[in-house]
Amino acid sequence: MSASETIAVVPRQSGAWRRAVLRGGGRLAATVALAIIVIFVLLAMSADDPAAALGSLLSGPFTSSFRTGQWLSDSANLMLSGAAVAMVFRAGQFSLGAEGQILVGALAAGAAVLHLPSFPGVFVVGLTLGALAGFLFGLVPGLMKAYGGSDEIVSTLMLNYVATYGFALLINRYLQPASAGYPVSDFFDPAAFLPSLRIGQLTIGLALPFAIGCCVAVWYLINWTKTGFEMGAVGASVPFAQATGMRVRRSVWLSMALSGLIAGLAGAVIAEGSTHRLIVGLSANIGFDGILVALLTANRPLLIPLAAVAYGYIRTGGDIAQLSSGIPREVITTLQGFLILAVTARAPLAWIRHRAGRRRPAHGGPVIPGPAPLRAAASSQRTGS
Amino acid sequence: SNGSADGGDPGKPAVALFIPGQLGDGGFFDNSQTGVKEAGVRLGLKVRTVETGPDPSKWAPALNDVAGGDDQVIIVGTYGMKQIVEQAAQAHPEKSFVLYDVESTPAECGCHNIYSILYRYSESGFLAGALAGLLHKAGGVERIGSGNTVGVIGGQDIPVIQDYINGFKAGVAQTNPSLKVLSGYAGSFADPVKGQNLAAQMISDGADVLFTAAGGTDKGVIQAAAEHDVWAIGNSLTQADDPMVNGKTAVLTSAVTSVDTSLADAVEKAAAGTLPLGTTVRFGAKQKTNYVAQSQPYLKYVPEPVRGEIEKITTEMADGRYDSVLDR
Amino acid sequence: MLLSTILQNAAPYVLAATGCLLADRAGVVNIASEGMMLFGALAAVLGAGYSGFGLVGLLAAIVVASLLAAILAIFHLHLRANLILAGLAVNLLATGGTVLVLYSLTGRTGDSSGIPQGSLPEIAIPGAEHVPVLASLSGQSIVVWLALISLPATLYLWHRTRLGLYIRAAGESESALVESGLRPNRVRWAALLLSGLLCGMAGAQLSLSTTHGFVRDMVAGRGFIALGAMYLGARTPVGTFVAASLFGVLDAVATVLQVRTNFSTQILLSIPYVAILLALFLNGQRLRRVRRGIGGVS
Amino acid sequence: MLMTNHDLATVEPHGAGEPPTGPPYRLEAVKLSKAYGQLTANHEVSLRVTSQSVHAVLGENGAGKSTLMKMLYGVEQPDSGQIRLDGVPVKLPNPKAAVAHGIGMVFQHFGLVPSLTAAENIALGVEPGRPWRIDKREILDSIGALSDAMGLHVDLKRPVARMSTAQQQRVEILKALYRGARVLILDEPTALLTPQERRALFDAVRRLTEAGTTVLFITHKLSEVAELADDVTILRRGHVVGHGRHADFNTAQLVELMVGGRPVTARRAPAPLPTAPKAASFTGLSVTGSQGREAVHGVSLDLREGEVCGLVGVDGNGQLEFLEGIAGIRPVTAGRIEIGGVALRRWTHRRARAAGLGYVPEDRLSAGVVPAFPIVDNMFADRITYGGYRRHGRLDKSRMRSEAVRLIEDFDIRCTGPLQPAERLSGGNIQKVVLAREISRGPKVLLVAEPTRGLDIGAAARIHEALADAAREGTAILVLSSDVDEVLAISSRICVFHEGRLVADLVNGDEVTAEIIGALMLGSAEDGPADSPAASPADVAPPAAGGGA
């Protein structure tokens, strides 16, 4: 499903869908069962009352409306980060730069709202500038790749460090109050806080609908626009894109910059919606968590809200278990690792069958190189050299 | 470490230590946990630690969660938590908050249930600097060469650590103005390799005493000191108690800022119901929480007159004699 | 002095980058190098501390890091988990797992104080103290020496051994291997295990030689840097070695500048990364990299 | 040697032929069947290969030839049936087993590792030497000896990525022989070769059979069968529909057996009237080649509406670069390009298309289509990128789909529907998708590289038909093909390249033969157009001189 996933004009045939869902359901059940066993073992090793800890882990986000709000807020941040990553992955580029772009977006948004006079709606200015800054910061590796051929894994990774240090530097120099003992700005003016909606007891930040909107926007861009189509084609095959008159370079830098834009928005949303100020460590690895979320959905933007909410549930459940049962934080980290492995293991059954002596399905190993009939013919090896 | 929520005396207040970061930083947070736990055990209080991790977006919600729980005394540290604690304090006037490492003024906050603790990190730095200066002056001290350079290494480049470093420089200037002071930040509290690099570089540039205030990064500094036969001055009692690297004594002593003592004191007062809410105490030499540890190597290698001089400086410091050079 | 610092700093980069190279050329991006180094660093401390022998620590690091590599291999090669996801998951396992192990052994979550200290054997060249370059080499840990010989060793592996040949083939043309009667996944297993071995060594250097003890998260991104160095080195043994060494040099340069100048810490600390960006931009190399790992999960 | 009772061409009902009796065949397939899901790729296919013969396997695209060969090489497992070597049944669970039995195969799409040297590729998996050290000298020596003996010369130390297709193929053959292959399977070995290379290959094959090797080979070109094959087996839709000695079939019979009776004729496009308007004019074009050197030196050429101009030359003489230069894929360093009377300053492919150019790239799998994309996306990619197929600002997918359905019908593309990914199509059908895209956009000028490479006779004929139709509509078509016969069969005009220059520009006619063209391609000026009976078109570029302009 990997490669053919890139551009599907219409949904897959319903029969295949149903089968996939059924198979997926079975696997999910097995995964969940396995995960619970692992969780319990980990908790038994570390918590005084493993059952209670497990309970608060699994039901934590629902134990109070405050916690539910917390879960949804965290999920919204994950969603934005995931959408940024899916954007660039769907365009066939590989960026690890969301983390840095989030910091830059937050910085721009924060610096703006800290310096602007307070007026209703000033938060929109912050969001806009955050997005713009993210766009520009994503443009850097994009242009480097499009015009310099620079490997984007290296450049985005390096830019993360530059962003991290730059963020600290600017807070240190310009934004932290004189009395501060730690690089952190003042709190923003409440007008710069992301508004939230109250539904009964539950407070839902604007971040959530906003993040869902972003996911839909990415989906629309990729599936329904010419630009998105071009990006997908450039990502799938540069020779093809060239031979059909597409603007390959523009596609490369634009997709990376747009991903930066969303990540920048994520940064602005985190600053205005969660921390309400700039503080060193603000991104807290959420850029990398975004990679997880995006990959869990195979880069399908419309599934990202689901994946983010599910992943956010575990994270928040873990936080609450930590708060209420005092299990070490690292149990949660370790658990996340196990869960991701369990969820992404795709072919346990096939493997077991293979072990039992049957022939394995022809496809194995990583995504490349494609099945034998697709291997680039000799002529492409020639031109490709 | 975590979750020792048991063994509380029902009549006494339950205490929560809220860590906006993670334990195991080898310094500040670990230190605060030591103090709170020690007092809790001593007094038979129910004490628990809540560790939220380094993600700042989690801090406010987590503290709200804790404040809404059963703990009567909530202990929170670091500058970044100030407004968050103030908001929680407003929302939960029935709870007592201990805010350490930053000051909350009731006038600004509009709340009267916060007891603030400040630390004079620069005093510890000053003492370490004075010791370094005096060691050079004394002459004939083991591992102290004829060079005239000492060094100081910080973790992240943040104001708290800048205090240590500025204090160190002031201490050197006070006792031995001709000494040259090298300084550097590792950029992290958990990168001993960087610490080792910085220390090795300073040593190769002639430094023979290194003061370190860098959390987990300290390990690398101490390691380099051991390797190249110079002295490290640490910042915690643990380092002073366990001064060896690979069988070789490397940590001469520690210039301690004892967060644990201040917090143990706060817990004690809270248990007794005498927590001076609405006030701020600045802990330092005066409260005997900033001092040079009387460790084995200190007693063995530091000449008696130098130790006497340090004793004297500590006393003078408690009397406010150096405030003019120390206060930011 | 400076040269010896560079050697010490570069060794982990070189070894881990070489590990990434082997895996990558066999068709597996080893994004878990960070976690392998981290767990390796802890295992080294435990092995050396409890046995009293530095070499046991090195061995423990190698074994544990290879175990992580095996997890990656099982999940990616056999259970067909997405490579990047599985790699990130292994990193999470290492971040959390090291602290949990540390906690269960010492009751501490921060560092390995309380565990007996060990250190890697060092190799001294008799009488080298006064010879300029040799003096810096002499007394370096065995891992630094291993890093130095890793280049000739990799070149030998590359051009003289079957495994090297198969590794190069596996990443480029799986079907060529199959049609030659070989099993690509076996080759990838071998490459991953070697990768784990090298990352384990790199971790051991950090915790048993450069410093003596484990501090949580002490790898501090060096595994990712190693991966970046491998790409910067255009996925070739020599390029990787040079790029990884370059990071060692830049680290040392940043350190010197920090001690000797008053530039802003953050600017100095970002020097290596900016330098790499410039290098990447200026030589405008077009790395022909097969993209993989993106996409297909479900 | 051959069985008398099977000498006659027989059109057998599938699977009816009983295995004959007599001396054992070198290699024998007995009622092999193989199904992929619903689809029966091979149904009780029997094949008998005599020792030291060349046995051709013929059939349409998708007839099951490759599947049969893969079973003989252990890549695929038959559902039923038996494989015998010298009369002895063998099991071939994997290629390794086949190699152990002395069977070697050169795949349709090569299985070489691009960055490894020829020697490393050849020895992959069977390297001599100790476990920790490959004996490189031994490898070079033994392969050198082998290649000398077989007349298959390649630079063993060069990475195959930097080799021509023919050299790569030699590497593949050497690889099989190095493993001790006594039975060699060649799956469409000539599809990617130039005529010269093909000749060299055939020489090698003859030497191989003389040296005792048995060769099974697949081709779509009956001329090659005539030249090389001793015996033939013809497959259609997974069934053996004919087998026997080649001499006993005539071409018409073979075609009939392969395509099931449909007549196949390539039609030559009529030369346009001299009054036909100019569709494009290229003046003094210089184009940079792969290595950064100039590959085309100041070539001028005019195209008239409705003409099919064939572009030929020995591989590497600039004709491909010329085509790609016009297409805007390669940098044009000098000269002037006009399409439909409009000249553009910066010549990029995007602008070329906007000016009315269509382009069918040489490599259909990597540049022609995105294999993973559905047919519909592949068909309209060019127009989408220029802003077509949009309604209310978004892609009009339903219109795309319905038009794709129409094109699928028009171009007779065999598929399950417009949403089938291109990778699930046969090569011929993929090519039709590309042509459908390029022709349906109504270009003024259509550039086509290797239109029928690897396609069967029927598919090739349909492609030729589509090109002729487009020409009739007024499109000027420039066709590059390494198959001179194809160029002769379809073009109204033929341009010959030699060493980066246009050395001949002929009106195609019965007087123009493959021999004449071949001589021109090799650069013999005396056979040039001056002596040619065919008059050049009025606006022909100066021959041989290289068209100064």
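Each chain gets a letter, A, B, C and D, in the order it is written, and its residues are counted from 1.
Everything that follows uses one rule, which is that contacts are C-beta pairs under 8 Å (C-beta built on N, C-alpha and C of every residue); 3 or more make two chains touch, one makes a residue touch a chain.
What you see is a predicted model; the values in this text were computed from it and never measured.
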{"item": "A-C or A-D - the one linked by more C-beta pairs in contact", "value": "A-C"}
{"item": "Separation of subunit A from subunit D, taking each centre as the mean of its C-alpha atoms, in whole Å", "value": "45"}
{"item": "Between subunit A and subunit C, centroid-to-centroid distance (C-alpha), Å", "value": "26"}
{"item": "Centre distance in Å when subunit C and subunit D are each reduced to the mean of their C-alpha atoms", "value": "46"}
{"item": "Cα-centroid distance, subunit A relative to subunit B, in whole angstrom", "value": "37"}
{"item": "Overlap residues in subunit B, where contacts from two or more other chains coincide", "value": "1, 22, 157, 187"}
{"item": "Residues of subunit D engaged with two or more neighbouring chains", "value": "107, 111-112, 114"}
{"item": "Residues of subunit C touching at least two other chains", "value": "99, 103, 109, 172-173, 175, 264, 266, 269"}
{"item": "Chain pairs in mutual contact under the definition given at the outset", "value": "A-B, A-C, A-D, B-C, C-D"}
{"item": "Subunit A - residues contacting subunit D, complex", "value": "3-10, 220, 223-226, 229-230, 233, 236-237, 239-240, 242-247, 359, 370-385"}
{"item": "Contact set on subunit C toward subunit B in their complex", "value": "1-2, 5, 9, 99, 103, 107-111, 113, 117-119, 206, 210-213, 215-218, 220, 222, 251-252, 255-256, 258-260, 264-266, 269"}
{"item": "Residue ranges of subunit A touching subunit B (in the complex, touch as defined)", "value": "47-48, 64, 66-67, 70, 73-74, 77, 165, 168, 172, 176, 180-184, 187, 270, 274-276, 279-282, 284-286, 319-320, 322-329"}
{"item": "Subunit D residues within the subunit C interface of the complex", "value": "75, 94-96, 99, 105, 107, 111-116, 120-121, 124-127, 131-134, 136, 175"}
{"item": "Touching residues on subunit C, where the partner in the complex is subunit A", "value": "27-28, 71, 75-86, 88-97, 99-100, 103-104, 109, 172-175, 184-185, 188, 221, 224-225, 227-228, 231-232, 264, 266-267, 269-270, 273-274, 276-277, 280-281, 284-298"}
